[in-house]
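What follows is a pair of complexes built around chain A, which joins chain B in one and chain C in the other.
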Partner chain A sequence: MAVKGFLREKSLYLLLVVFALVLPFLITDRYVFQIVIMGCLFSICTLSMNLILGYTGQVSLAHAGFFGIGSYSVALMTKEGVSFWLALPLASLLAAATGLLIGLPTLRTRGSYFAIATLCFGVIISVVAGNWIEVTGGYTGIVGIALPSPLFFPGIGPISFQTMVAQYYLVLAFLLLTLLVMHRLVYSLFGLGFMAIRNNEILAEAVGVNTFAGKLLSFVVANFFAGLAGGIYASLIGSISPSTASIDLTFNWLIYLLLGGAATLAGPILGAFVIPVILDQIQFLQGYRMIIFGILLIVVIIYFPRGIMGAISDLVRRARACYERGKGMKRAAAG
Partner chain B sequence: MQLFLQQIFNGVMIGSTYAIVALGLTLVFGILNIPNFAHGHLYMLGAYLCFFLMNQYGFGYWISLVFSVVIMAMMGMLVERLVYRPLQDRPQMSSFISAIGALIILENGVIVIWGPQGRRIPNPYPGIVKLLGITMSYQRLLVIVSAIALIIMLQIFIKKTTAGMTIEAVAQNREGAMLVGINVNRVSSITFAISAATAAAAACLVAPIFMISPTMGAFLGMKAFAIVILGGLGSISGAIMGGYILGLLEALGGGYLSAAYKDVYAFGALILILAIRPTGLFGREVS
Partner chain C sequence: MLLQVENLTKHFAGLAALSAVSFEVRESEILAIVGPNGAGKSVLFGLISGLLRATSGRIFLQDEEITGLKPHLRACKGIARTFQTTALFDQLRVVDNLALGYRLRTKSGFWATLFHSPGWNKDKTKTTERVEETLDFIGLTEKAFHSVSVLSQLEQRRLSIGMAIIGEPQIVLLDEPTGGLVLQETELITDLIRKIHQAYGITVCLIEHKMRMVMGLAERIIVLNFGRVIAEGTPMDIGGNPQVVEAYLGEKYVA
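Right, the complex of A and B next:
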């Protein structure tokens, strides 16, 4: 049974990956395709936010700040002539290192204190981005950031990233990498430690989990991927401004993550695709759009604290229980 | 010297509004343990109500102020009932996220009704006085004096009236307060009403001096949180002191260091102090 379940799960994953790989052949509309690319990119953000917020239970609201660090670093480095493929890991490492520096003091705090401290840091980043004009270009930002330089694959030849299809595969590759790392991390001993911290920090400490080191690791890894996503964003979009690091972006990801389902691996991706599509569909509502989202956020946190994924797994469990009961009754009637 | 005194005056003026706003927040956050992250947005809505009543209905400044305060008191109760009460037995983080939902609604609601652009409330007292070389407008003096009056009134309310004392009882021991027959839900309601009403009062007082805009609440709310944490959760005197200190810090920092970074001094100070004392300057542990 366990083996069969495992195989079924594996084949489901495989199916999804194949679907993602052939997706460019199914979508012809450029606008829809752009939404898909952004969905992949923001999935990296929500997945990494999920690590610190969903699995470790620490509400970091500096995520867009680290995304901003990644995007500004890549923009500045590529402007200086550094290759994108060197700039991207450097930018991610810079985001991770900043995360370490900020995490050391702020992770000593708990609950709302941590949320507010990280929020303050996020705001500082965006204010600095808006005012440090010599470096960041102030509120106009940086424009004309080069696309990733062509990659040479043995046997295939150089691949340039001029086309949307190539850009899509680039983002998808990084999304799969993120997913792989998250999967390995969450199902490792570290991951269990993260969840122990989330469920009861004092108890986790008492049974020997190094809670501070756990929180720090989770925070640094999350910020590494936030920086990575920011770097890709800067290069693909070609222009950045302080709004790239604004708290609005953090709040958007928070909505995607919570509505999709925190502390699951599918939920953040689901949220990052479904919510922007819904937002796009209800564009005619204009300003009322965000009001509806505010209401939705409150309703979800009150009634469906585990988001869409939680609601789905509840439904599945209920259906299965119903089915089992039906089978039991039949057997009882026959016997 | 003249610049210094002028900055001190401005700092005390802006500090007065910080003190009132932080006071309202410390009642809710420190005493009810609800991280009302939408507090700054209630302040913003208060200012808009004042603007709306004066512009649309031609009410006088003081009548608009009183109406705004009363409406916001009811609004505070509504927010408590709809946004926070269903989550009272859940981790604090749930309330925090619910609060983000509330602030999105408030900010975009104001944008839908009154537009995203900044507005100006006509200054009811445009005159100025000069003293020791510093320029003081009547409205700024009014802010300082009213803030002190409000703070004293609030102190009397909490220490001397039954309703106020029940708030303090809940703060000291929630279960104990329930045991002696205090309706904790009603206390939550009253606390939220006072919190929102004082925020509205501060907003209406200071609105004729600065522009009002839908986004003005976000930074103010965060600063109020910084003050409350630094001054010690639930400490009323800490919130008042913290408010004035931050006002002075911003005015002097803005005058002497850099005005562009004025808004981040509070946030930087908060991170620094939390680095040294994770529970705030005079804080106690939160769950």
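Right, the complex of A and C next:
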């Protein structure tokens, strides 16, 4: 029976990927398409934030800072004539390496101290971006960042990234890569160690999990993908400024993650797509928008602490229990 | 000699919880550490498993000094433990808890996991085997995919013991394995401990309050009081030691 359920899950994934692949043929509106592309990009951010925050239980509030490191690195390198395809992995590695340096001292602290330390680091990054004028262009930022250079595929020829369709597929490919890495980490004995750290650090140590190394690795991997998303963002949008590394972005992703469902793989993606749409729909509330949204946020966190995905899986479990009970009753009645 | 403790002392803000405690645990024996509340028994386990740092003194595992070693490294060297207030990963399922207990015997790191290397596959198969075997051993096969939070007190206790032995340790430290259980349940856990000892030959060192259980189970007993060893010997010796009877067992036991 377990095998059957497993297959069903796989075919569901396949269906979703097929849907994602044909999506450009269904959307004609450029505005909607832009939202979808940003949704995919921010999904990479929330998925990686989910690794350190959702699975490992360490509240990192520097995520946009690492996103900023990735975006500024790609912008500066491509301006110097480095190919986007070389600049992107280098920028991601730089974000990861910075994460390592920041993580070494800060991950030794516990609970809110880590959150505060990373919050400070995130702010520092955007302040540096605003004031290191010779390099970052100050508050005007960097404009005219080139699109990813055309990729040559044997048999198909060069593919340029001028069109939104091509840009969408580019972002989708990186989203799938992120999802694959997260999936492999999370559904493994190795990744179970992250959840052990989140759940009970002392017990984790007692069963032989090197909790410090685990936290550090989770942080570094999360920041690698934050940097990756930042690099793609810079190249697709074409201009960046200190707001690209601002704490507002971190909190946006945090909301997507918590509302979508932390410590699930579908939750962060769902959040990154659904929440911006909801915010867009209540645009008419103008100044009151964030008040209404804030109340909504509190309600959801109290009643659905595991977000939308948590609520869905609870519903499914209840429905299944109901169904089993019904079957049992029928059998009892027949017998 | 499996485990050797030399002059172990632990002070908390100047207060001595343990003073110059020395003893040894022999290969594949069941050793019980008894003593009244606050005698320093749990502190002793904390020092041996590395979760607490000794103020002074030394600890050896198979003649190798482990005094300064981090707790996770001691676990890898074969010191497993359970906690007095049953500690489990309560957000995870029974199988995940057991798998985490076996994780220290697997070698797959980050890259092996990312690329599903042959070694990763081997580790996965071995872990599944061991988890199934241990589930059967502790009698929780039926509850394998249940969340730990829905288990009964007794089942949680069984699981914590399963987690301690699944990684094939040299020695398990059981901190009050039957604390808070009723008589019948106490017997079930006592049987399980005897079974670990017989089936796997694992050395057991346990802290216990229930004298009747200790007398029937342990081969040797160490009595702690006020952070010092006040007696050591077989259950017969301890039962007849007037100092112990006075200091700890009380008149009730004599009667």
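We adopt the following convention: the second predicted complex is superposed on the first by the 335 of 335 C-alpha atoms of A that agree within 3 Å, B and C clash if a C-alpha of one lies under 4 Å from a C-alpha of the other, contacts with A are read in each partner's own complex, and residues count from 1 in each chain.
The working rule: a contact is a pair of C-beta atoms (placed from the backbone, for glycine too) under 8 Å apart; a residue touches a chain by one contact, two chains touch by 3 or more.
Values in this document were obtained by computation on a predicted structure and should not be read as measured data.
Aligning the two structures on chain A places chain B and chain C next to each other without any clash. By the document's definition of touching, of the two partners only chain C reaches A:196; chain B does not. The superposed model places chain B and chain C at 80 degrees from each other around the C-alpha centre of chain A, with the value given to the nearest 10. Set side by side, chain B and chain C differ in how many residues of chain A they touch, and the one touching more is B.
In the overlay built on the shared chain, the residue A:184 is in contact with chain C alone; chain B does not reach it.
Of the two partner chains placed by the overlay, only chain C lies in contact with A:209; chain B stays clear of it.
In the superposition on chain A, contact is made by A:217 with chain C only, not with chain B. In the superposition on chain A, A:110 makes contact with chain B only, while chain C stays out of contact range.
When both complexes are overlaid on chain A, the residue A:310 reaches neither chain B nor chain C. This overlay, made by fitting chain A, leaves chain B and chain C with a least C-alpha separation of 13 Å.
Annotation: chain A has no residue touching chain B in one complex and chain C in the other. The touching residues of chain C, counted against chain A in their complex, run 49-51, 70-73, 75-76, 80-81, 83, 87-92, 96, 99-104, 106, 108-110, 112-114, 116, 120, 123-124, 127, 163, 167. Chain A makes touch with chain C in their complex at residues 181, 184-185, 188-193, 195-196, 198-200, 202-211, 217, 221. Note for the complex: chain B touches chain A at residues 29, 35, 82-83, 86-87, 90-94, 96-98, 100-105, 107-109, 111-112, 218-219, 222, 225-226, 229, 260-261, 263-264, 266-268, 270-272, 274-275, 278-280, 285-287.
Across the complex, chain A meets chain B through its residues 57, 59, 102, 104-106, 108-113, 115-117, 119-121, 123-124, 127-128, 131, 247, 251, 254, 258, 286-291, 293-298, 301-302, 305.
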